[in-house]
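One chain, chain A, appears in both complexes that follow, with chain B as partner in the first and chain C in the second.
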Partner chain A sequence: MWLLMLPALVPVLLFSVGPLLYGIGLAFTDARNVRNHETAFVGLENLVELLGAADFWSSFRIGLIWAVSVTVLQFLAALGLALLLNENLRFRGVARVLAVVPWAMPPVVIGLMWKLVYHPDAGILNSLLGTDVNWLADFSLALPAIIVVGVWTGMPQTTVVLLAGLQGIPKELYEAGEVDGAGRWRRFWNITLPQLRPVIVAITSLDFVWNINQFGLVYVLTQGGPGGQTRLPMLFAYEEAFRYRFAGYASMLGLAMAIVVLAVLGLYLWRQMREAR
Partner chain B sequence: MRITSALAAAAIVALTAACGSGGGGGSSSSAPGEPVKINFLSLAWQKESVAANKQLVDEWNKANPNIQVTYVQGSWDNVNDQLVTQFAGGTAPDVIHNDSPALSGFATDGYLLDLKDKVPAELKSDIPQAAWDTVTFGDGKGGQGVYGVPFLQESQVIIANKKLLDASKVRIPTPDNPWTWDEFSEAAKKMTEGDSFGVAWPMKSPVNKTLNLALNFGGTFFQTGADGKTTVKVGPEEREVLQRIHDQLYKDKSADTDALGMGTADPLPAFFKGKFALLPAGVFLRQQVAEQAPDGFEWVTLPGPKGTTAQQGAVSQTLSIAQDSKHPDEAMKFIAFFLNGPNQAKLAKGDWLLPTSQSAAADPAMTTEENGWDVATASAKNLVVAPFLKVNGFDEWKSKVATPVLQEFYANKITIEEAAKRLVDEGNKVLERYQR
Partner chain C sequence: MRRLSQYVALVAYIVFLAFPLVWLLSTALKTPQEMALADPTWIPREPTLANFADAFGEQDLVGAAVRSLGVALASSLITVLISLPAAYAIARHRGLVNRIAIGWVLVSQVFPFILIIIPLFMILRDLELVNTLPGLVVVHVTFTLPFALWMLQGYVRAVPPELEEAAAVDGATRLRSIVKVVAPLLAPGVVATLLFAFISSWNEFMFALVILQNPDVMTLPLTLVRFTGPEGVARLGPLAAASLMATIPSLIFFAIIQRRLKSGLMAGAVKG
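Our next item is the complex of A and B:
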């Protein structure tokens, strides 16, 4: 039994658990990415510094705004799209394929593409609206602008999962509802949503984790600018580790974010489970 | 459970560092009798400049079969991130192209080789001491070292639309007698008419530009106390240039506010259309002006303005050698060839920047009136070491504090008092991390 598990266990231990423990260990040292530095154990000093740093909190706030709004908007848009694709439309197959296309694109390519859309001089958006706005460099527009990209990027997998969920709802329930005189809205509210609930809980929690850890997309689009207005926590950690070379501090940041994500998810899942009972 | 990416990245880098520590200088190892291999990370990006770089490498490889140099293309956008990971992983290139603000940190961290006793006498004397000062830093152990060979420098000039300049009948400044800031603002006011402006300040990256010009009035932005601690200072000298640019934007209304969010080259289309007359910029921008200007568009290069002095902060592009390079002597030989007088003239021409080499600066191509080379080359005499070069933690201060604060200040969202207060208070907190 143990012997059989070994092939699966070794890579997990070596490439997943090992680095994870190492990273956690780093968080309690003053490790720096420099050549002539003796790393020493500093206990919770990094955490104390982190909690007292205004730019961490602003990055954290931006991360939450980003993750919550992208997840919620993504869910609403994807639910609409999934309901539409679940109907008996013409060219449904083509439409379903098209809806999944953004999924096939790497985040860096998506970022570059949207950079062109938002380009102040040559961008499609400005020429469409007839405006002259530098979307990604504006202090108040940059975050909404990248949220739109985030929603667009994450829609396909949410749509696909919801669509699968929709198709798993027994037709009999709708028929029974119709017999009882329930309208469209009523059927949606009292049949579709409750039936979809487990799927919704699963996909929104996955999306939330995925979004709060988003890095590549935003790095390509704004690099956290202008003036830190789109500096998501992971960009913040990256800057600390690879730009300013405070590896220990960055690890603590990563650890703190992991704990926050676990806590938020735990609370959310626990509430959903309780209500479902 | 999913771990956060930074955690993983940090751990992976640390792991590779641990694994790679036996390997040392990365790919540059070689067996006896075989040619020594050197990697050269170049950041050249303008077409002419990449061509000049590659041509010099080819020339060297032909003449030196025993020391073969491989050209590696890098990018200014992410070179420092790349170097941090490569240094930590032991795969850094032997010869590294960078600029002097970045060297201070790498030098203190021990990644760069001290070239003090390695630079050949000829190269050393061809480059003036002022330029060497831009690459001389503390070694993190109390000493001083030279961590690169400076070769290209940038000064700030004003690129002007000749038609609008002549029409305004203002005095044309010369390198010997540049505009004072008062004259400059006056001229900008005269050229403001209808919906065309006198001047445009592209301030997407406002920090280096502001700090270099602030030296016009002796503004250094940093001071080192008796205890050796560096702190930020924003006094009357530092505020001069800030206030004057702000006045042009909002009091005189002679500066185009649309340009504020733009990068240096972004306002060029509007400049060619005559939407504004003067564009303060680094000398390198002349290349894009010369290349992109529509037929019949006439432009001139004017020297930068003068405050109490005409001094500007100098930053230089540099070639350095990695501490862990296995062939530092061969690398130095290559640098000495690459940066000799005639070659520096080629590189400077390719990048439209100023050579540090005195023999290169005397090259006729560097003093011709065509495309403003005479004015550009003459401005080199005003370059002094930018004080911020020696500040450990400047990069973090710049991106976390100074960039947003200056952007907000130029956008008229905060007053100069608020800007000064934030630059100092938040800035000192950042600097403290580096002085423990």
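Our next item is the complex of A and C:
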């Protein structure tokens, strides 16, 4: 039994569990990501510095706006699409195929593709709207612009999971509802949503975690610009660790984000469970 | 009336999902002269395949594709080889190990990559594996492993243990019953997991960005990003063409495993 586990256990311990613990340890040191640096234990110094840094708070705020709005919009859009796909409509097949394409695409290609859409000269968006805007370089428009891309990218998984959930709701419930004279809306509120609840809680939690840890897509789209307006926490941490080489500081940032995510998730799941009872 | 509004909504979704893809295709088929025009159009006036040929000249795309292919093949094969025995153990012996494994799958989703990539980078540097493809393979295997394990143990569980017991009654050894009875039933699941691991590695950008800094060893996603740089409009055509080509393997493989992936994700979503 343990012999069977061994081949998988060794790499996970060596390159995943080990580094994770090491990384948590690094957060309490002044480690630099350079050769021949004498690393010293500094206690909570990194945390103090982090909490006093204005650029951390602005990145944190942007990260929360991004993660919450993408997760919520993703969910609403995906629920709408899943409900439509669950109906017997024509062209449903087309939508079904299109709905999973973003899932398979490399995030880098998604980023580049949307850069072409948003391109100030050769992009289709300006030509459609008759505007002359440099979407991804505009201080107030860059964040909304990447949020749209985030929703586009993450909709497939959410739609697929919600659709599977919808198809798992027993038909008898709807028939009973109809007998009791419940209209479409009442059936949606009183049957569909409560029945779907465990699936909704699971997928929105996952979406939130994936979104707040997002890196590649936004790195390709804006590199965090303009002026840090789209610098999500992970882009901030990446710059600190691999451009300025403050490994200890960046690790503390990662640890702080992990704690925030766990806290948000814990609160959300706890509330959902209490309400479900 | 209700039907009508449903169709309007469905069409709106199709437009939203499709228009960036159509634009990518349209850009890939345009001549540099047309790209420079003030008012871009959906349908290229003189569609050309020249961008696809030009893409190969712009950067070392062929080399990057070969490297990506190598990394993806190596990491998907290794991932499945080492997770298959573990998946069998987890599926057949419920209990503590099972719970720890599932817990790790979830934890690995929550922790931000930066916490792992910094120490991992330092470890790989000490092992002289930074800027090497084996270094990237190690990282891809480690990070695909939890989900691969999760998928595979689901497939093992779907094979009734009674079949193995029956084989044992007929005098087959444990190993023989696994090879002769379990393996054939497991084959489609193994293929699905292989393809999933392949796509994950082929598409992966973040770890590659940190580990491969030398342009001579960069994988396809990194090379595509280098395309952009201080961009002239003329280069957008080849960029779009290269992006399309880089997507093809993932799309084909994904189409094959789509159904199986759905059920895998559902199992995770409900039990998680």
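Details
The rule is simple: the second predicted complex is superposed on the first by the 266 of 277 C-alpha atoms of A that agree within 3 Å, B and C clash if a C-alpha of one lies under 4 Å from a C-alpha of the other, contacts with A are read in each partner's own complex, and residues count from 1 in each chain.
One rule holds in what follows: a residue touches a chain if its C-beta (ideal position, glycine included) is under 8 Å from a C-beta of that chain, and two chains touch if they have at least 3 such contacts.
Note that the structure is predicted; figures quoted are calculated from it, not measured.
When both complexes are overlaid on chain A, the residue A:Leu20 reaches chain B and chain C alike. In the superposition on chain A, A:Gly254 makes contact with both chain B and chain C. When both complexes are overlaid on chain A, the residue A:Asn213 reaches chain B and chain C alike. With both structures placed on the common chain, the touch criterion links A:Arg243 to chain B but leaves chain C unconnected. When the two complexes are overlaid on their common chain A, residue A:Asn33 makes contact with chain B and with chain C alike. When the two structures are aligned on the shared chain, A:Ala137 is found in touch with chain B, with no touch to chain C. Once chain A of one complex is fitted onto chain A of the other, the partner contacts of A:Leu79 are absent, as it touches neither chain B nor chain C. Of the two partner chains placed around the shared chain by superposition, chain C is the only one that A:Trp152 touches, whereas chain B remains out of contact.
Which of chain B and chain C touches more residues of chain A is settled by the count: it is C. Legend: residue contacts after superposition of the two complexes on their common chain; A:Asp55 is shown touching chain B, with no touch to chain C. Shared contact residues on chain A (touching chain B in one structure, chain C in the other): 16, 18-20, 22-24, 26, 33, 121, 209, 213, 215, 234, 237-238, 241-242, 247, 250-251, 253-255, 257-258, 261-262. Those residues of chain A lying in contact with chain C across their complex are 1-5, 7-9, 11-12, 15-20, 22-24, 26-27, 33, 77, 80-81, 84, 87, 89-92, 94-95, 98-109, 112-117, 119, 121-124, 127, 152, 155, 157, 160-161, 164, 198-199, 202-203, 206, 209-210, 213, 215-216, 219-220, 233-234, 237-238, 241-242, 247, 250-251, 253-255, 257-258, 261-262, 265. Remark: chain B residues 1-15, 80-81, 84-85, 87-88, 105, 108-111, 140-141, 204, 258, 261-262, 266, 269, 323, 393, 395-396, 399-400, 403-404, 407-408, 411, 413, 426, 433 touch chain A in the complex. Only residues 3, 6-7, 9-11, 13-14, 16-21, 23-24, 26-27, 35, 38-42, 81-83, 85-86, 88-90, 93, 97, 104, 108-123, 138-139, 141-143, 145-146, 149, 199, 202-203, 205-206, 209-210, 220-221, 224-225, 227-228, 233, 236, 239-240, 243, 246-247, 250-251, 253-255, 258, 262, 265-266, 269-270, 272 of chain C touch chain A when the two sit together in their complex.
Against chain B, the residues of chain A that register as touching in their complex are 16, 18-20, 22-24, 26, 31-37, 54-55, 120-121, 132, 134, 137-139, 209, 213, 215, 225-228, 234, 237-239, 241-247, 250-251, 253-255, 257-258, 261-262.
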